[in-house]
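Chain IDs A, B, C, D, E and F follow the sequence of writing; residue 1 opens each chain.
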Amino acid sequence: MTRPQLKWGLASLAPMLLAAAPAFAADPKIPAADTGDTAWMLTSTALVLMMTIPGLALFYGGMVRKKNVLATLMQSFAITCIVTIVWTVAGYSLAFTTGNAYIGDMSRFMLNGLAQHIVKGVDSGFILGPGSDGAAAQTIPESVYMMFQMTFAIITPALICGSFADRMKFSALCIFITMWSLVVYSPIAHWVWAPTGWVGNLGVLDFAGGTVVHINAGIAGLVTCLVLGKRVGYGTDNMAPYNVAYAVIGASLLWVGWFGFNAGSAVGSNGRAGMAMAVTQIATAAAALGWMFAEWISKGKPSVLGAASGAVAGLVAITPASGFVLPGGSIVIGVAAGVICFWSATSLKHMLGYDDSLDAFGVHCVGGIIGALLTGVFSYGPLSATDSSPAGSPGSLHQVMIQGIGVLTTLIYSGVMTYVLLMITKALVGLRVTEDEEREGLDLALHGEQIF
Amino acid sequence: MTRPQLKWGLASLAPMLLAAAPAFAADPKIPAADTGDTAWMLTSTALVLMMTIPGLALFYGGMVRKKNVLATLMQSFAITCIVTIVWTVAGYSLAFTTGNAYIGDMSRFMLNGLAQHIVKGVDSGFILGPGSDGAAAQTIPESVYMMFQMTFAIITPALICGSFADRMKFSALCIFITMWSLVVYSPIAHWVWAPTGWVGNLGVLDFAGGTVVHINAGIAGLVTCLVLGKRVGYGTDNMAPYNVAYAVIGASLLWVGWFGFNAGSAVGSNGRAGMAMAVTQIATAAAALGWMFAEWISKGKPSVLGAASGAVAGLVAITPASGFVLPGGSIVIGVAAGVICFWSATSLKHMLGYDDSLDAFGVHCVGGIIGALLTGVFSYGPLSATDSSPAGSPGSLHQVMIQGIGVLTTLIYSGVMTYVLLMITKALVGLRVTEDEEREGLDLALHGEQIF
Amino acid sequence: MTRPQLKWGLASLAPMLLAAAPAFAADPKIPAADTGDTAWMLTSTALVLMMTIPGLALFYGGMVRKKNVLATLMQSFAITCIVTIVWTVAGYSLAFTTGNAYIGDMSRFMLNGLAQHIVKGVDSGFILGPGSDGAAAQTIPESVYMMFQMTFAIITPALICGSFADRMKFSALCIFITMWSLVVYSPIAHWVWAPTGWVGNLGVLDFAGGTVVHINAGIAGLVTCLVLGKRVGYGTDNMAPYNVAYAVIGASLLWVGWFGFNAGSAVGSNGRAGMAMAVTQIATAAAALGWMFAEWISKGKPSVLGAASGAVAGLVAITPASGFVLPGGSIVIGVAAGVICFWSATSLKHMLGYDDSLDAFGVHCVGGIIGALLTGVFSYGPLSATDSSPAGSPGSLHQVMIQGIGVLTTLIYSGVMTYVLLMITKALVGLRVTEDEEREGLDLALHGEQIF
Amino acid sequence: MKLIMAIIKPFKLDDVREALTPLGVQGLTVSEVKGFGRQKGQTEIYRGAEYHVNFLPKVKIEVVVPSDLADQVIEAIAKAAQTGKIGDGKIFVLDIERAVRIRTGEVDGEAL
Amino acid sequence: MKLIMAIIKPFKLDDVREALTPLGVQGLTVSEVKGFGRQKGQTEIYRGAEYHVNFLPKVKIEVVVPSDLADQVIEAIAKAAQTGKIGDGKIFVLDIERAVRIRTGEVDGEAL
Amino acid sequence: MKLIMAIIKPFKLDDVREALTPLGVQGLTVSEVKGFGRQKGQTEIYRGAEYHVNFLPKVKIEVVVPSDLADQVIEAIAKAAQTGKIGDGKIFVLDIERAVRIRTGEVDGEAL
């Protein structure tokens, strides 16, 4: 999601909560929708949905033990459904309407007004953040933009599941995710991507969601697995994955779908999308090779799951950078992500002793931080240049520090709020299945089904 | 597939069978092809093909027993191949040329003339139903339109397979599907979507195929499973699915691919496509949650297969409505489909005692009917408005009744013709495998292969 | 990849190696990027990547024994990563810059200059082969073109793996593929598709890679399996595939992704892309049915793996023809490919006694040759016509002979160079695992993992 | 005590289990096995390589019963598992010296 | 020599193996089986059809030991496999007449 | 009658089966098992967690033969299954009291 203007300063704090934003005289003119841009955004939306189901579902489902495969698939599937409704009712409105610097307003409650420009079946483009200084004309219908953003809102909480696989109650998951989407995801998305958002207006660069999606989900995962405690038998039982082939299919679909995630964040079918796709591919390959060789050297064999994990780490790390960097920088980002995430998922985790089952923290949070900071190093001016900022935001120490603020903000807000929401959920229905249910496996215990 | 004009009255009955339709003076001018519209329709075609292979193949393949997995995949795969040839030879011509109100003509026999506008590798748009009152200019090459429609012609008979899984002869399937595609699918597609078709001209709204695809396939499935009889061991043997994970992957790919099905039916990259995608997503999520909670409440556990089935039910129900309704209406359609299809697939089936193995009827026919009728309730005028009908077709009791006529027509025609074609097939090669083959499993008995 | 001009004669041999090609006065003007064309090419890139991971990975992974499934998936996955980096560093530059008739130059070393036209985040189209007689204006950003071509460079070596499955060292694979990509793939791609390439300038028609991709990979596969020798237990042990369902999913994703491969080779969202998609679908279906019925008649049962293999054979054969032929011709190409590849994969292989494990040669090389030659028969003038060649290249005996030259050239160059590179690899690390490792299975022996 | 080991056709498993309940058999153990015998398997075809499937899927039931119940159990299994077609399987009887119920430590007759 | 056949809960396998090592047991063979017994299974739901899962996953351990070691082995298994909850499983003892180590041709005591 | 139970390396199964045919053995039953023994398994690596695979895939053959055939059968199996490398497996012999062919009700010698 490219911010049309990168401004230094604080956003207007005009209280707009619950008020539909009128189209100010100062707003840019509503453009016609461009069929090419719209085509690519429709496609990107399909690709990003495919990342969660079946992509992430398989990636995670393949890494658990046989008795938990279906329950793990169910987590991604159910979150897709729950967040779709939450986003429709209020999430989109809170994230992407003008509102104030901290939260949107309720003018798109129940997607109210989404069809306002439709005449004889034809829709126009729309203005993002109407009435604000950063109001930006978009060349796609707002329905398409809402859908594209929905798929981001879906995958983010689904990523958290990696940390608490094999032991969380399904009822707890449903309640926790509903609250998390509204209380954690929507505000952070607003801060970073809405024209009025305070983090974006600080100058933090996050093209496709390094902070909003990955650091956010990763830290939430760490908190969750700490609160839940380790799996029964952790460290003694054999917890080898049931089917690494599923994990490889999942990682592959994540990779393919990520083209929609990153290149789609250009919100158009243009050179920026092309460059975002290229650096996504390159960084991912570099990270997979980085993890693979690191493992080959240190453990003697390059594992298949390692290569797949490295690819995911690379995808994560290039995400915030993808619209801003050139191929050379993307190789550095990729190798760094591959090697460091290998270390965090295999050594750091054991050193610190938390049981992040599928490394939601070790891959998504760590990879996200690497990417966010290196974006500040490698950002190439012409890619982020605009009329009002002809130099764009080229990499600099200053930019790295700004990126650091974005990272810290996310870590703190998401970490704290996740803890609070877990406590509320615990009070309501409890968080963890019984030891017997855990031993038996969540498939039978929670869903009454099993794989043969 | 949006009908460019919604007219009330009967179509011209001019006998055009087997005559190439000349471009009348009154026809709209052939427009240039729009690259954006074409891009989205090419993408949609790929997405809809993905729905059948591997989507539906896996959804069905995961629900049968181990000994029938490959044979079930083969059904979707072989139907894809057979219908491709049938559609090329005559199916497309019968469905989408001008012809008369009941059937197209043979002017596109063997896709004759499809390349007629190609000059130096460049194609123009084309006129659908040239020479008829409803002749509609399309901004994509006819080759793309033909391909997009082909993927619909493929998935429809593939859906039927769910009803007769585990017991039909493969030779019978090949013969039956070939005839069914020509005798049932092409005519109904013509009635509803060709500018001259009598059902469409009654004013029946079917955006993406609620009647043409789902009710049609669903009722054919019911007839087939009644004619074939129950599976050996039905009610006593354990018929638990071999691999619900396959079914979840399949349902996920159906979901993703359905964006091509529904949003692609706008035949362009525009606001209507965007809105169709949005309501598809919302209704599907609502239906999955509807089924899930209905099952959770009534059986004590939310099954994974249930959530996936609910999603499919939602996709089915929103199909006819997707280009006409707003998000609010789509939630209602979704919840209704989820809850009612849960009931039809789990209670109605047992009450009536037919063995519709994978609920082709319970999900596709019932879901299709719910969607078709509720389209008449929730249709939003501006989405279906045109120059000649500036009010569009807003929801009304009158519209619901018209929708009912569309439903009934399809139920009767498809039901009766399916029965006739089954009898012909039976006379030719027999319909059902022997009891020994059924016990041994179709994989080995029919295809000489097995899964390990 | 449509060559904008088909010329008869030899290309300029101006020594341009390592020199950035200046935009000559005679070059066409750099066009603006078209959003629709760009959208389709971005989508096609995603589709072609999906062909390799997870498509080909599953197609091959499903055909090996349980103990080698993960190692086989790893081959496709690792090749994707390795070739991405090789292509970024030098492969693209060697293949698609102006250079001379035999090889490109190093002006795009490390993708240097790829962002040269980006202004304020917006990119223009670009000139392929600037400074050469055949310089062709493209309406998509060069970053998109580079990415699209990268996915071809990835899948080609991945196809080879089918021939040596179950027995090659992973370290040998990494080294061999790196060299092969630079020494075999890039030059042949240059010969056929660069405006300066000598094979293309002979008039050889290869729309989407019959020679460059399939014949090339197929003959390399034959050489590799001859050099490596047969699998331990070949002819006595049961080598039945572990999971034909994976192979069917893989073939299905190959089919869907191939729309990007063939229709994407139009490098635009136009009528040629539409026609390419249509003939791809039709030929594939015809080939699958051809193989299926040939097997049904000769072996008594139509196997599922056979139908899937037939589809792949059809996809291969239509590839060179896809932008040039009409539906009628595509049926003939499909049936020929299905029946002949059935014979080569099941009879020829046994007659000649080589152990091409998964028929990389029998399907890709044989199918590619069928397609290349029949392209010369069925090519339809208006599809390949241009301003300078208003008749296009219609099918003729002359054209068939030219096609034969393209085939022979590829067979000889790829065959010889593959042998040389294998010998180098052997000298460096050895080619084959030990007999014990082979018996134990590559999953555990090479990667320390297994499927349960 | 006797260990009755029966190799039967898979789809007969539920019938056999039901036939044993009235005899007071409270437990048994089942494994999936492959059988080679007079019944000939199918031919599988993979890319033209034909593999004759010599081994057919069977189910092995192991049930330990007091010696005096053995005859009845054998008879019940034989009856329930019979289709009269080739490949119906075999019943073998072995002697068991001792049985222990892990949960309680009960032995022999008590343990079954 | 005796063949000790134990049916236990799957997650107890590693514990049992570790309990046997100190006794000098150098080898054993394990199979996945399904057990039917007093412990009742879960109900599975598929599209409304409910299947009661009568058979629960268990692990069968077969270990052949010299007769004088049998008691110790039985005791060790019983202890390691016990959870005290229903479904812990059984141990059966059979007599073995002969044992051969295929690699060397050694027999009986030597072969174990 | 004797029950010959052999634990062998999986890829030797076909060789063993072929070695038995000339002896007149008409049937046998095979299961996939996992063996623990002197032969040490591989180390598996999953995200840095290393699992030592103690259990190696083996195949268990069970074949019941008339007592007088037992020696020949044991010998044939031992020969066909031998590679000379560690992990080749074991052959155990048990006594069978009775055998029944389910299809026909034939018993003992006739039933095999």
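Keep in mind that, in the parts below, a contact is a pair of C-beta atoms (placed from the backbone, for glycine too) under 8 Å apart; a residue touches a chain by one contact, two chains touch by 3 or more.
Keep in mind it's a predicted model, so treat the numbers as computed, not measured.
Colleague: Using the touch definition from the top, list the chains contacting both chain C and chain E.
Modeller: A, B, D, F
Colleague: Starting at chain C, how many touching-chain steps does it take at least to reach chain F?
Modeller: 1
Colleague: Quickly list, by label, the chains bordering both chain A and chain E.
Modeller: Both chain A and chain E are touched by B, F, going by the contact rule given at the top.
Colleague: Given the two chain pairs B-D and A-F, which is bridged by the higher number of C-beta pairs in contact?
Modeller: Output for the comparison: A-F.
Colleague: How many angstrom between the C-alpha centroids of chain E and chain B?
Modeller: Centre-to-centre distance between chain B and chain E: 53 Å.
Colleague: Calculate how many whole Å lie between the centre of chain D and the centre of chain F, each centre taken as the average of the chain's C-alpha atoms.
Modeller: The computed centroid separation for chain D versus chain F comes out at 18 Å.
Colleague: Just curious, how far off is chain C from chain B if you go by their C-alpha centres, in Å?
Modeller: That pair's centroid distance is 34 Å.
Colleague: For chain F, write out the residues touching at least two other chains, lowest number first.
Modeller: Each of 31, 44-46, 94-95 in chain F touches at least two other chains.
Colleague: On chain B, where are the residues touching two or more other chains?
Modeller: In chain B, residues 34-37, 39-40, 43, 238, 240, 269, 299, 301, 303, 305, 448-449 touch at least two other chains, as defined above.
Colleague: How are the chains arranged in terms of who touches whom: line, ring, star, complete or other?
Modeller: If you draw each chain as a dot and join those that touch, the picture is no line, ring, star or complete graph.
Colleague: Can you name every chain pair that touches?
Modeller: A-B, A-C, A-E, A-F, B-C, B-D, B-E, C-D, C-F, D-E, D-F, E-F
Colleague: Can you tell me which positions in chain D touch chain E when the two form their complex?
Modeller: Touching chain E from chain D are residues 3, 17, 26-31, 64, 94-103, 105, 111-112.
Colleague: Within the complex, which stretch of chain C touches chain A?
Modeller: 33-40, 42-43, 45-46, 49-50, 53-54, 57-58, 61, 69-71, 73-74, 77-78, 80-82, 84-85, 88, 110-111, 114-115, 117-124, 140-144, 146-147, 150, 170, 246, 269, 443, 446-449, 451-452
Colleague: Would you pull the chain B residues touching chain A in the complex into a rising list?
Modeller: On the chain B side, the touching residues are 2, 34-37, 39-40, 43, 47, 66, 240, 242-245, 248-249, 251-253, 255-256, 259-260, 263, 266, 268-275, 277-278, 281-282, 284-286, 288-289, 292, 299-305, 307-308, 311, 323, 326-328, 331, 380, 382-387, 390, 392.
Colleague: Per the contact definition, I'd like the list of chain B residues that touch chain D in the complex.
Modeller: Result: residues 233, 236-238, 439-440, 444-445, 448-450 of chain B touch chain D.
Colleague: Give the list of chain A residues in touch with chain F in this complex.
Modeller: 63, 238-241, 295, 299, 301, 303, 305-306, 309, 342, 345-347, 349-350, 359
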